[in-house]
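Next up: the structures, one after another.
Each of the next two complexes has subunit A plus one other chain: subunit B in the first, subunit C in the second.
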Partner chain A sequence: MTTPTRTPYRSRLHPARAGFGRLLHAEWTKFRTVRAWPVVLGVAVVAVVLVCRLGASGSSTSGGGPVTLGPGGERVVDVFRFTHRPLTGDGSVTVRVTGLRSADGKGIEPWAKAGVIVKQNLDEGSRYAAVVATPAHGIRMQWNFTHDTAGSASDIATTPHWLRLTRSGQHLTGYESADGRTWSKIEDVRLPGLPRTVQVGLLAATPAHNNVHRAFSGTSETYGGGTVTATYDRLALRGDSTATAWKSTDVGGPGPNGPAPNGPAPQDAQPGRTDVSPSGTYTLTGRGDIAPALDGPDMVQMSFQGVFVGVLFMVALGTLFVTGEYKRGLIRTTFTATPARLKVLAAKTTVIAAVTFTTGLLATAVGFSLAQRVLRHNGFAPPEFPDLSLLENPALRAVVGSAALLSLVAVLALGVAAVLRNSAGTIATVVALVILPQILSFAFPLPAAQWLLRVTPAAAFAIQQGVTRYPQVKVNCLPESGCYPLSPWNGFAVLAAYAAAALLLAAWRLRRRDA
Partner chain B sequence: MRWLHAEWTKLRTLPSTWWLLGSTVLLTVAVGAAAASSLTTGVCPSPDACHEDTVKLSLTGVWLGQATCLVLGVLSMGSEYGTGTVRTTLSAMPQRRRLLAAKAAVLALLTAATGAVAITAALWTAHLVLPVESPTLRATAGSVLILTLVALLGLALATLLRDTAAAATLGLGLLYVVPLLADLLGSPVWQHRLNRWTPMPAALSIQATRDLDRLPIAPWPGLGVLAAYAAGLLVAGGVAFGLRDA
Partner chain C sequence: MSDATIEVLDLRKRFGRTLAVDGLSFRVEPGTVTGFVGPNGAGKSTTMRALLGLDAPDEGAALIGGRPYHALRTPLLEVGALLDAAALHPARRGRDHLRWLAHSHGLPAGRVDEVLQQVGMETAARRRAGGYSLGMRQRLGLAAALLGDPPVLLLDEPVNGLDPEGIQWMRTLLRTLAAEGRAVLVSSHLMSELEDTADHLVVIGRGRLIADTAVSDLLAAASGDRVRLRTDARTQAMELLTAQGATVAVTGRDTLTVTGLQARRIVELLNAADVPFAEVGAHRATLEEAYMELTRDAVEFTASAGIDEVAS
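Showing the complex of A and B:
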């Protein structure tokens, strides 16, 4: 008797050659068909939007008086002692700075300024370009508040230094020299909108002292106005001037009508001084700063408190997308169907990243818009506060960045879950990594807090910052006022690095270990 | 007694239990030491001349240690639902409330013992780094109690939700995200309310040894808030456990 031979059924598709597209489809089906997960996504969107809105409604402001806006529309500080003459047409001003020292006994601020300036007029916030000497940052050329170019690192405390500013049409060129004979150019800038007649002269300014001491029980900031004295000689003006004598003004300071709104507080509003000796030495005493104002609240960041809640949901989803398969044994079926395990990991990562990014974007965009509306209603309105558009930076960066942050957190959770294969352990690990550093940074001594916000995934929340930080303004970066030590994209890169490391570890474990 | 023994055997033989307990000790000590070493002796030459609450600083590790304790509590119930052991357990011991009580007792004893080790080790390590004031009994015992109560909170959440992931997420949200929002909230009134009436910031006031008048809530009532959350949820979990299918 012969048994009939039968060829067993074999799929004509080689398993390893199953396209990535079909794998993505398979993973998407797995995600879609677990009834709880789309619900969790929906709840996450609602929770993020609600907390964003509620968080914003807790903040209100009474306006805070008029503000000075710079030529670019940004808030600026424009307060300094100015000894000036009008200049019509082209010309140049040259001076030797012989000293810059504190006039009030306190230490001198690193960004105190002495130098030459060409300014549109004597109003606060008008266009300008200046070449200044600073105690700690060498010679700088600065213009229109937000721009700053470094010159030589010459120390004005030890050696006098020559500065020159030349106007030619709309072009202003800054030069410096150690001896008054060989000049080196710092920068040539164009200031559109500069009138034919401008004010040129000498300046003296220093930002306020602002020191932070933080102990476990609280933060204390000591804040006080400083005064500096700058000395000059060999002042020379070339060009047509309608006046023959130098006049002095406290720009933004106490004028005939009392102190200007942005000037020093009334109790210490002493006017600046300018003394001219017969030998041609100019001594200017003044206070204030010519710089962007960075003390206001960050309206962008205030609108994203809901993202912290969103993180929780994303962690749970990323984790369950892997551990759910291990719990039910589905992972064995998955790997039988697709033996290329790394492809499965890649498909899973792609699906979870895409799903969480899309929902995250919806949540952050709606949450941001609602929060902005509430904030505007609570007094954060133009002109004191900017009118932020969703489609312009920094709001756009913060909205898209927050969605990407949520997505990366889910990917991080997925990677950790593939390593640990345990839901509770994974969720605890990722939440502790992302959320806990924030809480600890409010309580730790400042250096430790800033270090924590640099090296943990929590650094990524820097992407929500809307305030541009300028190197030419010293700010105290306090975590409780929402400041992150890293720049937005660098902070985001830290989280990306963590997610990548988790995925690599997961790939290694998946290949080495039984399912 | 046999109930306790059965629960002890189940908890003891979960592989994750010892991992979690070990990491509770390790993390509590490591974070405490790191926090203490962030202060140089230049800033704090002696306890009296130091502006920091050094005891509280060396107990910072509780922030992290509570996460592992929560997971332990969640898993002590959640793993039974995850694997289906709960049905066997209930066939052998049908009195559900007594079962939950036995589970809670074993879990509380185990976390309290581990917590005591962790807190003592953390204080001792911090002492090596920094001249720490002699810790008050309130701060020490209170920190051990925090860890124990958080584990019970995890047990209660897992009993209520019957799912490990959901319980862990909810528990961690309660412990971490709520205090974070409280810190960032613009309105001082709500900030104060959240700091007073949510488990974590309130309970941690027990660690303070100085500036007690600046705390949002007094130390023992603060711990009481956490205890109330844990007890309330445990009672709710017990009722739900008695009424529902396994």
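Showing the complex of A and C:
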């Protein structure tokens, strides 16, 4: 070397450790100093709120018919043929179910019911516990509408089966037996509020047949018919009863004033029948159901129509936060300042997630509250549509979940952007993943539509569902009715998995490729 | 290993079928401005990206103070880099660009103002970068490189787009920075830009080292035995001198550069043949010429050599 070596220069600045907190600070500064980005966030909030409110104003109801509320305050269906006697104090009812078949010429519904029941009184919605046999779901013990415990899978279409329900104070215990000698317990439940004298007896019920016709122009769901005949023998009541004879009642109808059994009441609803043969065979013909009512509109979900619009803004933000750097080579400056590229990815993800979640939460909370006010004004009022508190589930889960959904969509876009390094391609990809399945699901055949809403990030919109789904009620999960096939959190997990996969792919590419 | 050095050791980097850098080695010492010269596509930017950890070398190493870039804990305090002055978000103010960089290293806010003042961008930095001229971008890029007050500077074509006044300013600044003991590597595809700036030169072509030399040595060698001759009778003079075994190059309308004959002998020959001439003098090579001399043999440069050579 011909050049003389000099004393090397040393930086006069203190060597500050470039920790992750500093990296977050740097990325946050980047985000807020491009004026368009905070502005987009603000516009997104306004758009989400407005569309939530406008979407809600498109829905109205005249209030509908009378509503049956269960002991928990939820809407229920409580319509069935009841052959009963009063029971005072402790006791039990035992019977052998010898058959359950359709009485209307069509197939039998999987959740048709024949069995024994202990009920607070003859009013709709009153407390009860029942042990029933079903055509497709075996023996069940059900109580107070929302609870359901499976017993054996015995099929009473082929083999008669014994059922027993005993009362001991507030405790009701269900048993079943194949032969009437060996009994197995299904469940022991406590029913507080049960009076000393209750009605016990036999029941027959079936949900109405339900047909769905889907076409491009629209979807029609029809409910009709639905009558079953249940046969019993060896009926035995133990305990004190003030009546010596069995009486029969159609709980909840039938007739023009009867409420709908999980759907509009059929026009041709016939009264139930109970025939008793001299040999002690009881034949009950009836319709209806004893279950939570799931046919009503989802007031929670109806309040979140603006979130779709919000998704578009979040996709744009998540994308531009990354591609804006690639487009101009700024990413090299970023990686020069922080050679640990995965930390940069983590910092960017954290900043975009926090920013979009916070603003998303503001938007969904305000949007939901405004939409609820509008819905209330449009006839969705208690008691049929109880008030929803923002701070209680399902509204709380839907509000926070929708904000998290918006945030995850932004993270998904960020991850895809770091892989593709191109705005147009990223936005097209993410919109195709999140929004397109919704649109296609309206047009596709039901199985394909439901599949789409299971496997794409669109599944996450399930987080907005306010209606609790119960396995003991068959529902046609129609996309056009806002039904998502996955449960709220499972649906949300699908989106989270996509976002995580995009980030992993981005991390892999960042490490491998030159900047 | 001293802190303020740049070392490239047998560096190889391939992009698809193109071998961008092919076994390049050189070293930049503290206290010097080293010019990194080669035509466009010679591998200068690739080498700089490898030094900054942006491109991973296929073979060899690119080290700052003996360490690869990704091993630096506070890189901005150890290396200042200006790669691409256009790498700015157009909607972000110049000052905010420096602020996020400062935040990434927890540097005090006052440091941003210091470097803005140093590059004369205090006022312009309040505007959004989209409206900057190329010169302003260069100044902001330099401010970013200086933010961590680093002992090593890597500047890729920093005078590109500067006006003459700006070029002069940049020269002074680079010399000052080197005088403070920093190692400064300045790339350029125009040798003339490094005139009066660089102490040392690393010349590359097609990814290979062509020369690694002090500027003073290079100029002395290039000036060598060359004689500048001004004459109106250009053709006559050329015929005469080439016949005597000299190599003659036309370097102007009435100027020839003669190699292979002493000035005194040329005067004798011209006088004897009665060829008129205005001036004969020892040639003082410019850096540009020295560069041409250096690269003349490299095949890829002949087309762009710019000097019509007359074969002897």
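Criterion: the second predicted complex is superposed on the first by the 477 of 515 C-alpha atoms of A that agree within 3 Å, B and C clash if a C-alpha of one lies under 4 Å from a C-alpha of the other, contacts with A are read in each partner's own complex, and residues count from 1 in each chain.
Heads up, the rule we're going with is that contacts are C-beta pairs under 8 Å (C-beta built on N, C-alpha and C of every residue); 3 or more make two chains touch, one makes a residue touch a chain.
The model shown is predicted, which means the values in this text are computed figures rather than measured ones.
After overlaying the two complexes on the shared chain, residue contacts for A:V34 are found with subunit C alone; subunit B is out of touch. In the superposed pair of complexes, A:T336 makes contact with subunit C only, with no contact to subunit B. Of the two partner chains placed by superposition, only subunit C is touched by A:R328; subunit B is not. In the superposition on chain A, A:N422 contacts subunit B only, with no contact to subunit C.
Applying the stated contact rule after C-alpha superposition, one finds that A:L504 touches neither subunit B nor subunit C.
Once chain A of one complex is fitted onto chain A of the other, the partner contacts of A:V43 are absent, as it touches neither subunit B nor subunit C. In the superposition on chain A, contact of A:A157 is made with neither subunit B nor subunit C. Residues of subunit C that touch subunit A in their complex: 2-5, 27, 29-32, 49, 52-56, 69-70, 72-79, 81, 83-84, 86-93, 96-97, 99-101, 103-107, 111, 144, 148-151, 180-183, 199-200, 213-214, 217.
Only residues 16, 20, 34-35, 38-39, 43, 51-53, 56-57, 60, 63-64, 67-68, 70-71, 74-75, 78, 82, 164-169, 172-173, 176-177, 179-181, 183-187, 190, 210-211, 214 of subunit B touch subunit A when the two sit together in their complex.
Subunit A makes touch with subunit B in their complex at residues 51, 55-56, 58-60, 213, 215-218, 302, 305, 308-309, 311-313, 315-316, 319-320, 323, 327, 422-425, 427-428, 431-432, 435-436, 438-440, 442-445, 447-448, 480, 482.
Of all the residues in subunit A, the ones that touch subunit C in their complex are 1-13, 15-19, 22-23, 25-27, 29-30, 33-36, 324-325, 328-330, 332-333, 335-340, 514-515.
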